[in-house]
Amino acid sequence: MRRKDLLGIRELTVEEIETILDTAEAFREVSRRNIKKVPTLRGRTVINLFFESSTRTRTSFEIAAKRLSADTINISVATSSINKGETLIDTARNLEAMVPDAIVIRHPSSGVPHQLARICRNTSVINAGDGAHEHPTQALLDALTIREHKRTIRGLEVAIIGDIAHSRVARSNLHLLTKLGANVRVAGPRTLLPPEIGRLAESRPGKIVVTSFVEEAIEAADVILLLRVQLEREASAHFPSLREYASFYGLNAKRLQLARKDVIVIHPGPVNRGIEVASDVIDGPYSLVYEQVTNGVAVRMAVLYLLMGGNKLDAVKEVHEATHQERAGSRPVTTTTDAS
Amino acid sequence: MRRKDLLGIRELTVEEIETILDTAEAFREVSRRNIKKVPTLRGRTVINLFFESSTRTRTSFEIAAKRLSADTINISVATSSINKGETLIDTARNLEAMVPDAIVIRHPSSGVPHQLARICRNTSVINAGDGAHEHPTQALLDALTIREHKRTIRGLEVAIIGDIAHSRVARSNLHLLTKLGANVRVAGPRTLLPPEIGRLAESRPGKIVVTSFVEEAIEAADVILLLRVQLEREASAHFPSLREYASFYGLNAKRLQLARKDVIVIHPGPVNRGIEVASDVIDGPYSLVYEQVTNGVAVRMAVLYLLMGGNKLDAVKEVHEATHQERAGSRPVTTTTDAS
Amino acid sequence: MRRKDLLGIRELTVEEIETILDTAEAFREVSRRNIKKVPTLRGRTVINLFFESSTRTRTSFEIAAKRLSADTINISVATSSINKGETLIDTARNLEAMVPDAIVIRHPSSGVPHQLARICRNTSVINAGDGAHEHPTQALLDALTIREHKRTIRGLEVAIIGDIAHSRVARSNLHLLTKLGANVRVAGPRTLLPPEIGRLAESRPGKIVVTSFVEEAIEAADVILLLRVQLEREASAHFPSLREYASFYGLNAKRLQLARKDVIVIHPGPVNRGIEVASDVIDGPYSLVYEQVTNGVAVRMAVLYLLMGGNKLDAVKEVHEATHQERAGSRPVTTTTDAS
């Protein structure tokens, strides 16, 4: 991969997506070992720059960086002097002057990661969610999870249900799934279906179907991707009540029966139990929400590694060597061979 | 030790307590060296999950983990998206999906660490204080401090003074001290003595004595354990005024003379000078408050190490080897032998 | 350097300042490499104790410590239980009991780092800004930047412009620049020139000139050091309006022409564009604001290293060895030689 940044799925080629997923598969092994660490990015600096708080995503990136032996710096802008009226450009240039190797950025405004990437010419920028635009590592971890269970994404019937208009997760997944050859059916309240989606559907006839009936989307689906209802802002504005949302769009056991027998259910979390999904479904055998979280660490390891100049074959080799060394070690917990 | 979690002192056997204290003694050496680090837990991930802010305890655990070469992740729930209405179970499962080796949890509600430990089957859970229930590593560091100065805890007369009813420190210490054979005298305002303590005293006649006269508790004591008056909530509710508390229960130089000549004074901190203890006492020769803090790091290293599968003899060996290597090193500050 | 602490520039000898700058030059190389890390301070613990929020300075110290392989602990007092009414002395003693090797402290009150240094006898204390008193690493990074471009500081004409009375940056720079033999001209609104500066100027005739006309300070200057207008507190109190400040004291292209052709412009950041400096000046060819940030990491590495017992020659040797090892490595990203 010859890319400096990961800003969105839209820019990626099919080959790049597959390289990331294959590399993530190799790195998934690392978290299954006792010593969950490879020396791959030792001496590299990764800055997590979060303008919106997100414990999960920040923690996932931080763990990913640490398992590659990179140093991590967390900057949370709520508590930051970046508030002292500095422009984004100045913040970016200042951070770059400390020579980080990567900046992971989450920002409430669409496009900010792209601006940052343009300013920081020598630093990899990774979009960890920008406004309602993209959240590429989420779509990649979703794809890794789907691929693991369905072997290939090509030809799958995928239902995406919920607030399509405001969801960066939906947007990144739409790009990724159509690139990889899935058929996507999008369902949600009319008020939460953005106008562009109709045009997109027309431009790819048969590949993207839009409906406001959730049953139509779910029927014979291989994969159901649920979106989170963002309680804090939307409920009152875009649909009459949460109860109504749950009854018309929530995934419950009955609706799940419309899907294929081997359907899988994924959700970016955190889950609103009883709203977009019933508790028995999210805790049930079709739900893969925790595998998604595990895959999130692996995908973020892969993205950090590839953007900083690594390649797929080396990753496989690294993990193999490290596993071999761990097995060769004589004592269970400790590894004094490389000295204290 | 074949335990996955450390949830309270109540569950521990005498042998387990002694194993932790012995291992802590070995690890205490590490912090006395120039290179305060052993490679023991390299590649392990420790999450500090704090639902109450506590700089001291979090810092102590973080330093302990780092001196064992583990990677640490801090999650402070005040600033966390865990607030987005997610249940504890979902939070726990999500964290576990990132495959941490240990979660250190502090929570205002009693029993939450136990719930977490039940959910996270492959992750060690360490209780860093839950409501008014237990704070096991505090009692262990108190015991380490006492043992260091008194050789054995068996047969010692220990006074615990203050708000027994709301103190997790008191509760964990009562379990630990009686298990290890000390005689405990508990003193505090009647309103701050919980009803159970009377029953506990009756069930162990001569081992636990309850009184509302502080002098009775202090007389001929080997150890005085002071509890912190939690200014933020109690003063007004449970006793008339801080001045009255200080005059009836505060440990001052005069009261201290009632104790044995070689008495030691311990306090979990932070200290309210002039309330539960006079400044000249806490700064005086009998006070061991700073040794307690030093021992806190050692105890937490021991707990992390033992729960993750280490054993006492290996710890001693690790520390010995690392010390030997440091001495063998030729240059004072640097250790390039294992390369940059 | 045989000093335990770095509290201010005032205490340093010329030789000490030059040792720090020379060592920083050696460490500057580290951040230019792929593997931005030397093993110099492995096993050392550095605590960042910030009573005022400052993302830049904290991040700079954290990156510096990590690139020396030290462990770092961040304590931000806004969110800290240090607020539970504990005295500074107790906080200091408690932190010291965890045996950190260095505490980096920022505090709104002048003199607090000195108090801390007196209490913590075995821990290096580094002042990262105390009230309106000193900010020594800022002055050192300014000096490193000047020296890089002007070879020597001796004999240079340096203009310091802005709120001299409340600026710890101005104070530290005044000490450093006069010690190293520069001639300093200080300009700002009369209300922001402290009375002592007049006496200081009289005591060093020709070395320090004080004026309220910015043009007088800038004329034929080799270096212009701008101070930040602290919007949050001063504007209303000390001068009529920001617009007036900008028009009388702001550095714009026209005023810049009064300086020498090879003038350099430095600013501690964050910059208020359009107030103390025009955008075209700060983005222009004379401005070195980003080099300052880069030099900040190098200076902080040098300070941490020297206070913990390192010396200049070893630093050069360390960096050389590490660079040599990196070049000798066969693969571009990874370094498995020292094992996972």
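By letter and in written order, the chains are A, B and C; residue numbering begins at 1 in each of them.
The rule we apply is simple: contacts are C-beta pairs under 8 Å (C-beta built on N, C-alpha and C of every residue); 3 or more make two chains touch, one makes a residue touch a chain.
From a predicted model like this one, the values you see are computed outputs, not experimental measurements.
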- prompt: Same residues or different residues: which describes how chain B and chain C meet, taking over half shared numbers as same?
  reply: different
- line: A CA-based fit of chain A to chain B gives a rotation angle in degrees, as a multiple of 5, equal to 120
Message: Taking the mean of the C-alpha atoms as each chain's centre, how many Å separate chain B from chain C?
response: 39
Task: Would you please write down the residue numbers of chain C that are in contact with two or more other chains?
output: 35, 37, 43, 79, 335, 338, 340
Task: Report the residues of chain A in contact with chain B in the complex, numbered from low to high.
output: 31-37, 43, 53-56, 59-60, 62-63, 66-67, 76, 78-79, 231-232, 269-273, 290-294, 296-297, 331-336, 338-340
Field: In the complex, chain A residues that touch chain C
entry: 35, 37-45, 47, 71, 73, 75, 79-82, 84-87, 90, 93-101, 305, 308-310, 314, 318, 321-322, 325-326, 335, 337-338, 340
